[in-house]
Every structure is written in structure tokens, then in C-alpha cells.
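The structure appears below as C-alpha cells.
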Amino acid sequence: MATVILWGSLKPHTGGKISVEVEARNVQELLARLGETYPGLQTQIKRGVSVSIDGLIYREGWLEPLKPDSEVFLLPRMQGG
Amino acid sequence: MSGITVNAKINGDPVEFICEADETLLDVLRNRLGLTGAKEGCSTGDCGACSVTVDGRLTCSCLVLGAEIEGHNIGTIEGMAHGEELHPLQKKFIEHAALQCGVCTPGFLIAAKSLLDKNPDPTETEIRFGLAGNLCRCTGYDKIVRAVQDTAKEMRKTNSRKGA
Amino acid sequence: MPLDNAPDSKRKYNVVGTRPLRPDGIDKVTGRAKFGADATAPGQLVGRILRSPHAHAKIKSIDTSKAEKLAGVKAVITRDDFPDHTDGDSALYDTMYNIMAREKALYEGHAVAAVAATTPAIARQALKLIKIDYEILPHVTDVDEAMKPNAPVLNRKMFTDGVDPKPTKASNIARRFEFGHGDVEEGFKKADIIIERSFKTEATHQGYIEPHAALASMSPDGTAELWCCTQGHYMVRDVCARILGIDISRLRVTQSEIGGGFGGKTTVFIEPVALALSRKANRPVKVVMTRDEVFKASGPTSSTSMDIKIGVTKDGLITAADGTFRYQGGPFAGCSPAEFGAMSAFAQFHLDNVRAIGYDVLCNRPKTISYRAPGAPMANFAVESVIEELAHKLGMAPIDFRIKNAAREGTKSSYGPVYGPIGLGPTLEAAKNHPHFKAPLGPNQGRGMAAGFWFNFGGQSCVSLNIPTDGTITVSVGSPDIGGSRASMCMMVAEELGINYEQVRAIIADTSSLGHNDVTDGSRTTFATGMACILAARDAIKKLCARAAATWGIPEDAVTWEKGFAKPAGANAGDFAPLSLKEIAAASPGTGGPIAGHHEYSADGAGVSFATHICDIEVDQETGASKIVRYTVIQDAGKAVHPAYVEGQFQGGAVQGIGWALNEEYIYGKDGRLQNAGFLDYRIPVCSDLPMIDTMILEIPNPGHPYGVRGVGETSIVPPLAAIANAVAAATGVRFTQLPMSPPRILKGIEDAKKAGAKKAA
Amino acid sequence: MRYERPTTLKAAAQMLAKEKGQAFILAGGTDLLVRLRTGFIEPDLIVDIKSINGSKTIQKTATGFKIGSAVSGAELGEHAALKKAWPGVVEAANLIGSKQVQGRCTMTGNLCNASPAADSVPALVAAAAKVVIVGPKGKRTVAAEEIPVGPGKTSLKKGEIIESIVLPKRPPKSGDAYLRFIPRTEMDIAVVGVGVSLTLDGKGVVTKARVALGAVAPTVRLVPAAAKALIGTKMDKAALDALAAACSAACSPIDDKRGTRDFRIKVAGVLARRAAVIARKRAGGK
């Protein structure tokens, strides 16, 4: 079970939880599960998210594998100038 | 619309072209003569990217009408190198990484040459004020100023050798 | 998957770290480099865009009949020529709405129609013949005003996202974000000193010298060519094809030389318009923005309003940091970089309790787009101003206060993840030990500093490397070269292959020649595309070794590559004379044909970036005029591939920050119109405004790159705003919380302080 | 639009008088071309006066200097005698725009453009410059300050052309100076401009003075009260304070994108004081 930490304003979509446990082998599965479990998150996922897995930021990377104890942060999709 | 026939020199070469009364020298250079080295950054004389010389005097080609150059000699970036030999300023700009995107570079080179033609030994302040009519957004000007300083130094050396 | 490519700290570089001449140098100093507006096509028409004079207006009708009848006019287009192919993609819909207004014109300068004609004069005349019936609506351009309950609402279907419960009343607040950890309320309880301040910053523009330009040629069958200046021609291709409803592969986009971008050329403005005009006229059409259009109708960055509250113990430990960041992003949701402002604001600190709330707000202003480290400079200005003030209140040197609270390896960042090895501490220590820091100051001078952060990221890159029979190299990349990246690409390829820099040539391939490449943004090019070049070179090396192995009749894995030569290794070591790249290439027609290396991926592990800046400023106390007298940038580059261009990035970013801090601003009239849409009154720094910008490159290797490279392009614009505000405060005794610190504002601050002082004394 | 390049003033005046549409005179063109380009004006006729005899020359006469109306800023700056006699006027003209603009821009154009912020105008007015006008009814001479009558408006009548600007011969121990305030160091329009011209006696007492302000009112403003504050004094602190106060009092500026009203009022006084000190030094005072 990877721990996914959301940013604050997504709380309303997870029933007030900021940290949720998700069973997923990679990022793609994780996002799919998140969307299924918390349909309110779909809009943001569709808009684009990046993830940080154990401290490393992935702008995309759906196939990035997750370890059972991975700490995953959901981040807005990175942009730059 | 009636075109105006103009005879002038560009980089010493005779040219003849027809332009409309409201066309600028920059329009003529870029659109009629295929000399796109001068860039249009603002068309109001505020960025210097279209710098040329008219009879040796530095000016923005966006502030000159094409019709006005009848009988005059225009200097553009395309005339700065002599054949394969780059002007020392051109070499130093590359050496010092004094350009990043490079769109302001032709204007800077024309302005810097005009500055050094008049003042072969400028102070940093003189260089900075001499180039204040040319905007660069990439470099912060540091390397441009250094390139001009270094060119001036080298040209003084070369000229004194030539003189001796 | 993170590559197993941690940098080898003992590696000696032959090419990386040197300062060779850039490959496009001669073209650029002789005027023959082709920028966006320099291209021509046979039979080309002039395209011009008609723009709304109103800040907010309903477009009741558009009559183009007179313009269409004018001799020399070949096409007139309006919103009707952009049927909606966006299929529910709201960001794409907004992009389409931005390039050509639909129901409403949402800001002054919003495109409402366009023409293609045989001459500029006819095009101009045609625009005047287009009649538009506007119903003028109330407008709002200030972010705080736009958030008020009675503000004119731009989008009646917009209900703030990210608040619970979801509002039932439409507003201009598109979204609320929240980042952080710990409990700030508890943290503030532990504080001995708390400072709370509000800040405002004005919108600024990237100010690239080259206006947007596009030359489009589209046939009625949907096949199209586009030549334009952009930070990402693949992005242009994808977005234009989707807006126009054509197959992506039908559109080939060739990137011209680009005259600066800084984030401003990471979207489309005129490109789909040029294509639509060309399709309708069935002739090539060139559209070039005027400078006025660039200011009014490209994408500046946000104006902001921010509140910061930070608490410390009397020994100088931050107990809690809280901030609210309100950014307007123009008329569409999701365009302001409020998220990145909120995420980056406190990223340079080690904090147990931190909260950053961001608001993305709509205004009747141009749709904002990225500007170098989007969102970070303004937030940093607010936070680092309060930090400086706290240090003074504590009686602690600001540098020591920052060092004490600095984020380090293992710090849980304010936006979530835990930091790996980072370079913040070293930049602060280097600043403290820098001669600049100890130099005496003259009268009316003050010194300020600030530390800043930017994320950096990787993204998609595709590189192809070809080796002709003479053993030289052509490397095709898909990342536009804005500041000399072709040189660094060549350098990395030369380094890997063990050959000279001069033997490698990099070109920017068009969209039909390579796989997708992300936009040049996020300081990603040298990192991500550079790493793809390294991996393409390694791919080529593998093939070169295979050819040598075949030639020698030994197994492929018995061959190694060293300094440009294939050598037999292991059991076969010394059995054959090494084969040079040149020899293998020359033999290639007979040994299996052409040799090429390739790499495509989505790069990750970019590694965050930190910088510390020091600034000395002199303020004329009678006029409020200020002059930067000394400036030093200290930044971690991971590994500087071409140090001269790394310095150039540091210097350029710092000077953009200086402009932002002192004089650059979008000035709106009560009518919602921009009053300073030109380089005369939008005052970017000129050469005589500045001193030399000293730089110090630190190299704390990024574990995510084989050479340790980090992106360097963006971070340098983050600290200047605060560094200058802190310097001005030191020089005048007045703390300025609003940018720009233009002379009238500084003088007023000084005068007000004098008056307040006199009152206190009396 | 037609472009004409007459060779005599008379021909130029006739062309302008005859034109039924909008007609403009082109000398340096640094303002005209910008307005043309931005669609601010749509001329039917442009009359280039640079081929007119005398338009490009600076003449030293018994009574001063006669400056042809197409003489560029750069040419003014290269004229040693003029620079020596009227350094304030030359430095003011040389502040207009960049080096590139200096290659073209003219003082006459600066005057006729009638911008309240024109840099050379306060210096010309402080210098008591006269303007020679040629028109359908012959020649007339007026004071420089009489040309601009409002932002973008001049007192010139249809068909009239400025032939030259005349700077008077200066008494000994005279000096002039011009200072302006801009947010950047270059490439800006004056937020405030101050021209000061003064003459000293043997003891360093100011005997004559003229002070003019730019960018603080719809037109350039000659401030007699400011001059009065200096005359009869050795420019001690009290006199300079009075000068500054008189200048600030003479301002009726507006808030705009370039500066606030309060800022202009305050800085007019500050610059007047600084310009006066420079002028005194140039006049041979301490």
C-alpha cells in the first residue's frame, strides 16, 4: 500500500483526508484507483498532475513503479518558463 | 499608390528600389532587399534591434523612411565582415558568449562599431551609455560590455602596430 | 524509471566545463540567422489581427462583408472559422478562445478577427472595414478587486474549485490551493516574535526582443507547414492541429531561431490564426505581432497580492510560516502560476509548520503564461522581505538567520517531498564568505540579500545522432535553442564519444523528423535533452563497438569504448589495434550500413535548484532614484556544461529580476486599457542602468544526471526582487511591500517615513 | 500618402499651404515615424526639409548661433563652439532618445512635437532662444516658449515652417544647465525637466537668470519667480531653497504612468537646485 499525500485543497474530495493509502504497482494504477475511489479528484487528475515518489519529482511517468512503502506526493503538473 | 524610385548605396554597393512613401528603411531592407539582419523589435526606436548607419551615423532604420535614403550610404550588419574575415567585434561577441538568443546582436554590433569608430578607448560607463539604445533581455549586458571592452583593447593594439 | 546514472565524482571531463564557441555564432553575428519574421514563402500574404479595444465586451455581431470586398483581401476570419474541436478539453478550449474571441472579448487586445491581404496597407485598411457590434461590460483588472463579492464576474459558469462546500455563486476565483504540513496555529504559539505583512506586485512581461512571428502554409486537404518562433514546436503542432481539427502528422512545424522566450513562447497566439488564414486563402500567410500586440495580447505574468506571517523563537528558529498568495491569470482558469508561487514560497526553509494558500483569480487582462520560474519571484519577494525584517528584529545577521533555518538534505519541503542533496546551504555559506558581503558601503547605499528556489523538471525528449562516413556527428534535437543549448548538446556528445567538440554539429529538427519533444521550459533542455544526447551517444557507441567486434570477429561485449576508439577488452585485450570512430565510420557501408544512435524518453530526476543573491543599491534620497551598484549571483548548477552560458543565465535572470523590482509594470487605466504597451514606458533595464553582474557557479552534483547537471535557467530570477527590496530598506530605512519600487514610490516612502518620524518626535 | 523633398523653404511652405489633407514636416522623423507607424496619424503629405539649403547647418553669427531646423542632436553635440557657449542646451538636446535617435532627432522637431516633456525645450526657453518662422506671409520671429500651446499643439499656422532656432550671444560669466528626471538612466521621457540659465557679476552675484520647467504643466513653463529667487544673490542656501520652492509652486502636473503629481512637484524643486549649481559653476562661479 503506497501512501499518497494530497495537497490541501483536494481534501474536500477525499472526505477531509490529506493522506490516503492506495494499492498500486505504478503511477498509472495509482491515479486510476484514486479516481475510482474519490471521483472528485478526476477533474484535477485530468487537468494534469505530477508526482513525487520518495523525494523524486516525476512530471509525467505513468509507468513509474511504486514500492509497497513508497511515499507519493500528488503535485500540480509542473510548468516552467 | 505610386511607388518612389530610390537610388542609394547599401554597404557601399549601389541599389535601386521602388518603395511606397510610408515604408520605412527597415521595411525596405527586410522586405524589398532581402537584408533581414536588421530586426524589428518595436518599430518605435526604443530597442535598437534595427540599427544601421546612414552615411556613417548610427540610427534606427525603423525611424527612417525608405524614400529618404536617396543618395545616401547605408551600413548594415550584412556589410560588417570582410569576406571570410569577421570584424573583431563579431569575433569577440562569439568568444565572450555575448549573445544568447542573438536577435539583438546585429543591432548591438552596429552600435558598438559606431561607438568604437568615434571612441577607440571608451570607459565602461561610456560603453554602457553608448549602447543604452539597444535592448538585450537575455544577457544582462555584462558579457556584451566585456566583449566591447576586449575588442577595443585588441583594436587599439592592432592599430598601434599598424601605425608603428 | 530513474536511470542508473548517478554522477561519477571522480570523472575527469575533456569537453564539459570548457567554453567553446557556439555553433550558431557566426550566423548570429553576421545577420543571416533566420528568426521568426525572417522567413518568406512564394506568394505569401500579409496577415493582420483585429483586436478588441474594450477590456470586457460581449461581441453581438461581426460584419466582415466590406473587408472581404476590398481588392487585395484574400481571407477574413473570425470565431466562426474556429469550430469547436476541443472535445471537452477545457484548457484547449481556453487556448482557442484566447487566440480568437468567441462570445466575449475578455481583455483589451483580445483577437476578434483577422485578415490576409496582398500588402500591409491593404490589410490595415481591411481591419478598419470590419464592423463589430460590442456590448461593453463592466471590467476588473486588479486581483483584490476581482475577488470581491460584487466584482464583475468574467465567467458565470465558474464556481471556485478546492473549497468545501463548493460555492453556489459564480466568482472570479477559479481555484484555491493549499500546501504545507504541521500545524501553523500551534507553531505560532511557540513563537516569540511574529511578523505579518501584506505585499503587492504588478504584472511584468518576459520582454523578449523578438515579437511573435509565424509563416503558415496550409492546403485545403489539411496538409500544412508552419515556420515560427516558439519554445516548443511540437507543442505548437499538437495545439494547432487540435484547434484546426486536422491530423497532427499533417502539420509540420519548423522552429526558427528564437529571439528570446523566457516562458512567453510556451503557448500559441498567432500560429493557429496564420494557419486558418492560409487555409481560407489557400496561400502562405505571414503574421508578425507588433510590439504593442506583444504587450497587450501575448502572455505576461500575474500581478499578485500576498499576505505573509512568520513566527520565530528568540534564538532565531522559525516555528511557523503561513502565506496567502492571490495571483490573477487573465480571463481563464488555471493560467496563473499561483500553485507554483504557493509551493515555492517557503521552499528554502526547514519548517515544521508551514501553510501556503494560493488563489487563481480571473481578471480582464491578457491570459498569463509562464515567465521564468513562473510564480516564484513574487512569492519569494514577500517571504524573503519578512525574513529580513525578522532577522533585524531578532538582532541576528540576516545571513545567519537564513543559514540557521535553511532547508537541507532530508528536509521535508514546504510543498511536500523530502529533499535529496541540495545546494542551498553552500550558496548561503559562499555568500557569507564572498568579498562582496564584506565590502564597505558608500553613503546612501544599502545591501540586501535573498535566497530563492525553483523546482526544475525533465520531460520528454527525443534525440537522433547520425554518423556519416568521415566520423563526424550530426545530432538532431527537438528542443529549441534559446540561449546556446546547441553548444552544450555538442559538448555532451563529444564528451561521451571522446572526440573533439568541433566534430559534432547539433541541429534543431522539425516536428516531422523526430519524436515529440516538450517545450523548452522548466530549465529542462540542458538537463533532459542533454541527457538524451548522452544516451543517444551511448547507443551509438554500442553500435560502433558492435561493428568493431564484427570486424575483429570477437563478441560484442569484448569491446570497450575509450576516448574515441573501440578497443578489444577482457580476454581479447591487446589482440587488435584499436579502431577509431573515423575508421569504423569509413567502413560502415560494408559493415552493415549507416551508424546512428537514438534515445527517446521522459526524463526525471531533474533536481531542485537554489540561488543566493547579494545586491548593493544607492538611493537618491531627494528623488527616490535608485542605482544598483554591485550585484552577485551565487547558484548551484550541479555541473556547468558550458560555464559562460551558465553565467549568462545567472546574469540575464538577475537583470530581469532587477527590472521587475524597480521599474517594470503593466499600468492599466480606469478604462481597463493598458497604458504602457511599448518599450518606452514598459521600462526594461538598459545597459547604463547596470553594473557588471558577478557570478559564482557552485557544483553540487545532481544525482539524477550522469554528469550531475541541474537546470540553471530559471532560479536566477527568483531572489532579485527580495534582494533589492532588502537593499532599498537598508539604504532608506523604509520597507517597501509593493513592486515596482519606482522612484515615485520610493520617494513617497521616504517622505512618509520622515513625516511619521516628525510626528513621533512631536 | 505623398513624400516630397523640396530644396527651398518657399517651395516647402507652398506645398504645405496647398495641401488639403493632413500634411506633416519631416526632419529627424523620430516622433513622426512613430506616430505614423502606430496609426496615430494618417498623413496625405510628408515634406522632408533636409534638402533645404541651411536646414542642416549651425551658423555662428555676431548675435549668437543660428541652428537649422534639421540639425540632429548628434551634430549639435559635435559642434565645439556651440557646446562651449550653451552647454545646457546641447546637453538637453543630447538627452533626447538613444544614440540612434540622436543621429536623427532635431530641436525644432522636439519643439514642434509640443510634448510637455520635451527635453530640449526648457533649456531653449531658459536660454531665451528665438525661433525664425517662414510662412505664406513671410518671416517672423518668436520666443521659443510661444511655439507649444498645449500637448501636441503649436502656434504655427498652416504653411508655416521653422527655418531655424537662434540662441543669443551670451554675456561673460554666464552658464546654463538642464537636468531631467527619468526612472532609468536612458531611453525615457522626462518626468520632470529643469533648464536654468544665469549670468554672474564679478563678485559672483547672479545678475540675470531664467528658469524653465518641463513635464509639470501642459506646456513648458518659464518661472520668473524662480529667476527672481536667484537674482541678486550669491546662491546661498536660502536662495536655492527659494528657487526650489518657486519651482515647486509653479508646477501644475498630473498623475500619469510616468509619475505622480506630488513626485513631480517635489522633484522639480530638487532638480532646479541642482541645475542652478551646475549653471553657476559653468558661469565661473564656485
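The chains carry the letters A, B, C and D, assigned in the order they are written, with residues numbered from 1 in each.
Going forward, contacts are C-beta pairs under 8 Å (C-beta built on N, C-alpha and C of every residue); 3 or more make two chains touch, one makes a residue touch a chain.
Model, not experiment: these values are computed from the prediction.
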Chain pair with the greatest number of C-beta contact pairs: B-C
Euclidean distance of C-alpha centroids - chain A vs chain B, Å: 54
Where chain A and chain D are represented by their mean Cα positions, the distance between them in whole Å: 67
Geometric centre distance via CA averages, chain C-chain B, whole Å: 30
Inter-chain centre distance, chain A versus chain C - centres from mean C-alpha coordinates, in Å: 25
Shared interface positions of chain C, touching two or more other chains: 206, 262, 679-680, 685-686, 688
For chain B, residues contacting two or more additional chains: 20, 22, 43-44, 46, 129, 132-134
Sites on chain D at which at least two other chains make contact: 38, 185-187
Pairs of chains satisfying the touch condition: A-C, B-C, B-D, C-D
Chain C contact footprint on chain D (complex, rising order): 38-39, 181, 183-189, 191, 257-260, 262-263, 266-267, 270-271
Interface residues, chain A side, partner chain C - complex: 5, 7-12, 16, 43, 47, 50, 52, 54-61, 63-65, 71, 73, 75-76, 78-81
Chain D - residues contacting chain B, complex: 1-3, 5, 26, 28-30, 33-34, 36-38, 46, 48, 50, 72, 74, 97-104, 185-187
Chain B residues within the chain D interface of the complex: 4, 20-22, 24, 43-46, 48, 51, 54, 57-60, 62-65, 67-68, 70, 111, 114-115, 129-130, 132-134
Complex contacts: residues of chain B adjacent to chain C: 1, 20, 22, 30, 35-44, 46-47, 49, 76-78, 80-81, 86, 90, 93-97, 99-106, 109, 124-125, 127-129, 131-146
